[in-house]
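Here come two complexes built around subunit A, the first alongside subunit B, the second alongside subunit C.
Here is the complex of A and B:
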């Protein structure tokens, strides 16, 4: 966020990180589960934000990649492989499949592309459900173990929450590096003006495929953490509605803003919980809140902040111009 | 003077209409070639065929004697061919400086070094120089979308020069630019042409701009080359007056 002083930003960041580490220490099992889910969904939403928010490629398949990662991790860890190895396989697998899914994007865009990815999402769901020799079909895979990290068992909710939080931290740093690198700039060029990008030597084919592959790989990471979090997976959580949820997280948080997915995941995962006191009405209130937000600010929560800061900058700039002008007039 | 660009018999048909109908010409090292002609005579289509944005229906394009017909725009750009657009083509949400860094970054290193290397690909100084050269200093950190039309035209031109191109094709750089800024633009183009020895092809309707800037002028009409020569020769050519200048 431009406009805030740097030390203030750093202090704010450190306070949030400290809070995420310390506050949950006396949370109950359910609270920790919800917070872990927030961390996992933030990772998946960050991936989609890269593909959609930065590179401008619509995808309704992010949920399928979470599923691919989850099944990869579930199958491997129940066969005795350590979770880090399973995460690497989940990354490689979703990267490769995401790369292939990027090819349609070289031909079709916008809602046409949305439909191609939607079809893929359905295909993945059918594989999870029907190929029971691999995935356990509708019975799913149970007894998914949680890992030992540096000799510490993470069976209990708190240690596993720290696994999720640590993974989120690593992914956040990697994504931050990526979007401020020339690659990130090239992704934004794809979104803003692919024709001009080509004429500046930007290999739009390669960057489009990369945007899909990397975004999907992060979906795979999220899935590989989701499986040991719930310790039981079946095909239902990875159907189209997860892709739509992730899309909503990105849009509500603010597509193309670095912190968008964190906020979006918070709203999608935590807000329904906070609204539980309203009993039967909580889903309705939640739906109305999302609609009102998007009517007020189509660019999401961070879009509101961005507009405010831009306005403040414009005011400051015109004030400066006014001063300069009056000085010129006095000089004359 | 050797030819940087040789175009031989380029054709482009859209359905039954031939927009470009067997155009041949060459562009000499270091020259500024003007390309004029009535609207719809095929100038921009010719540009797009040369630059790989359209696949020509026939003919050849050679860059420094090497056949480059059918190469993709990004590949041609890496070989030193750059362009500006008739309609505004900047990246509106990126700042002016980011636009310029983006315009040069693919000419630095490779995919891997662009991922792990410096965020600005080592181009901040070059971008700042270009900003100074085009007198956009006070706008360096503004989003390009917030600039005036004329300023965006300047930025568009500046972006075309970031990769250190040998050949730049400018599509109506003067269109919609006010007179004082136009003088600036001409000034900058002449300076880059001399200092960097860059070769230009300029499509333009502003006759005064073309005649004072270009060393040779090519006139197109109905997809064909009507005349080619020094500005004063072309101006006197009866066929050109008939087709274009006279009205």
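Here is the complex of A and C:
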């Protein structure tokens, strides 16, 4: 979004936030569910964007962390714990497991790393499905309660939508701060040139593990919100395809762009709904749309915008140069 | 011990099919850095093409030929021209994501235009058992093994013994030098895509009678092929063959001796171990590290 004037940017941001708060007020149950789902998936995709987009580590396990967070929240809240406590546990658990999963990234890169994380996804799914004493197995966990926030019950769809939106806002601010902090810069150095980052004194080992752990922790947060949103979880939604979907969201939106995950999640969650009038064809159209987009712009939607703005800037700059040059010539 | 023998034969038969799929997978990787996440769906589709041909009245043998030809056009030529070519220069990841989208598209297309239910598929080998060393071995397992071995021997002969194969290897290993010595690199890459399409069509023909034709059947198969390719060595055809056989046997043994619930975990743990301790694969050579 570089290139817009700053006040314009702030106004645009406020308008979007206001719209997200006001417009859904008269949405029906289903509309609110979809929008809440968008908020939850945005959080998970933002985590993956940190790991992949900023730190450059390919992960096919984000869906598993959403699952870990969801099961942590489901198990704890059905045993009488409050949701905030469950979210903290989900964060701690995903952070720790994400940290451990980061170790292979110290040894292998790129597609090998993708396959290690893919294997982890499958293993996590098997644990969700088979350890029925803990997770309820294929029957899952039902009657997951929604929390009381500041004494207000969020059982109805609209209040719970605001819980999801509020969480998204908190996570967005935290990520915004993180990528501008020295840590964020270290992540980017890791992505651009790990050897050089190391020679500049960045502890690449620690930051690689951190990138995995923080990204996974956000996956855990998303999961801990997903469980009370659907109020019923079973292993199926957390299989490998969720990890692939999340990866697609990040790439389609634009990996390494702050607003990429929001857009990517919007397309992955909302586009199929808008295409529902096409009945059985909607997923097919979605797949074709993703392929066409990636052929056109492999850096995703924000990549298109970025290229357009960059072109406009170079054009403006060369126009200025031309003017300056002619002035110089007339002066001579 | 009779049980072990049966498990080994069944494991080798499924492993041979995994090997076919994994070989194609490594060929695409070697020549064009394509990680094809739709490889499993590539195996699922030809069976439906053959079924469709039989629907309009073609006899089985004609349906097989039509199915293989159509697969080579759709999954070989069209896949390369429409998806891989425009994306190849943008790096590995966007193309890998695009093939994930392609996998969704193929599954949905089959579900929508054909059926969401599993359809039976005729076998090219007669059903029945023969007795080998006092064991009843199904003709189907033997047929699968024979066809797969013939295909693999044919392919390795092509790659290692013919001028065409040498040109393909040159194009894969060093395209720049290959161009200098007048190897038509582009044509060689196209050829590997056609070979991959042929191999997946063959695998489809072999595996569908056993597991039925279903739009979602590619998921498990694609994953098995990935694992086989990596375990054996991502950059070696013989590695992919060994990996396929190994994973097939391991999968069957795990189902019998570990637990049916966690049988899928055994190849995964094996995969993680191989990547961590021998990332180039059991038979692979180490890739140069790029900075």
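Heads up, the rule we're going with is that the second predicted complex is superposed on the first by the 327 of 332 C-alpha atoms of A that agree within 3 Å, B and C clash if a C-alpha of one lies under 4 Å from a C-alpha of the other, contacts with A are read in each partner's own complex, and residues count from 1 in each chain.
One rule holds for everything that comes next: contacts are C-beta pairs under 8 Å (C-beta built on N, C-alpha and C of every residue); 3 or more make two chains touch, one makes a residue touch a chain.
What you see is a predicted model, and the numbers here were worked out from it, not measured in a lab.
Set against each other, subunit B and subunit C touch different numbers of residues in subunit A, with C touching more. By the touch criterion defined above, A:143 reaches neither subunit B nor subunit C.
Judged by the touch definition given at the top, the superposed model places A:188 against subunit B, while subunit C stays out of reach.
In the superposition on chain A, A:180 makes contact with subunit B only, while subunit C stays out of contact range.
In the superposition on chain A, A:244 contacts subunit C only, with no contact to subunit B. Using the contact criterion defined above for the overlaid structures, shared-chain residue A:206 touches subunit B, although it does not reach subunit C.
Contact with subunit B, but none with subunit C, is seen for A:198 once the two complexes are overlaid on the shared chain. Residues 193, 195 of subunit A lie in contact with subunit B in one complex and with subunit C in the other. Of all residues in subunit B, only 51, 53, 72-74, 77-78, 82-83, 85, 89-94, 98, 101-103, 105-108, 111, 114-117, 119, 121, 159, 162-163 touch subunit A in the complex they form. Within the complex formed with subunit C, the residues of subunit A that make contact are 58, 104, 107-108, 110-112, 114-116, 118-120, 122-123, 126, 129-130, 193, 195, 240, 244, 247-248, 251-252, 280-281, 283-284, 286-288, 290-291, 294-295, 298-299.
Contact residues on subunit C toward subunit A in their complex (touch as defined above): 35, 37, 83, 86-87, 90-98, 100-102, 104-105, 108-109, 111-112, 219, 223, 226-227, 230, 234, 261-262, 264-265, 268-269, 271-272, 275-276, 279, 291. Put simply, subunit A touches subunit B in their complex at residues 178, 180-183, 185-186, 188-189, 192-193, 195-204, 206.
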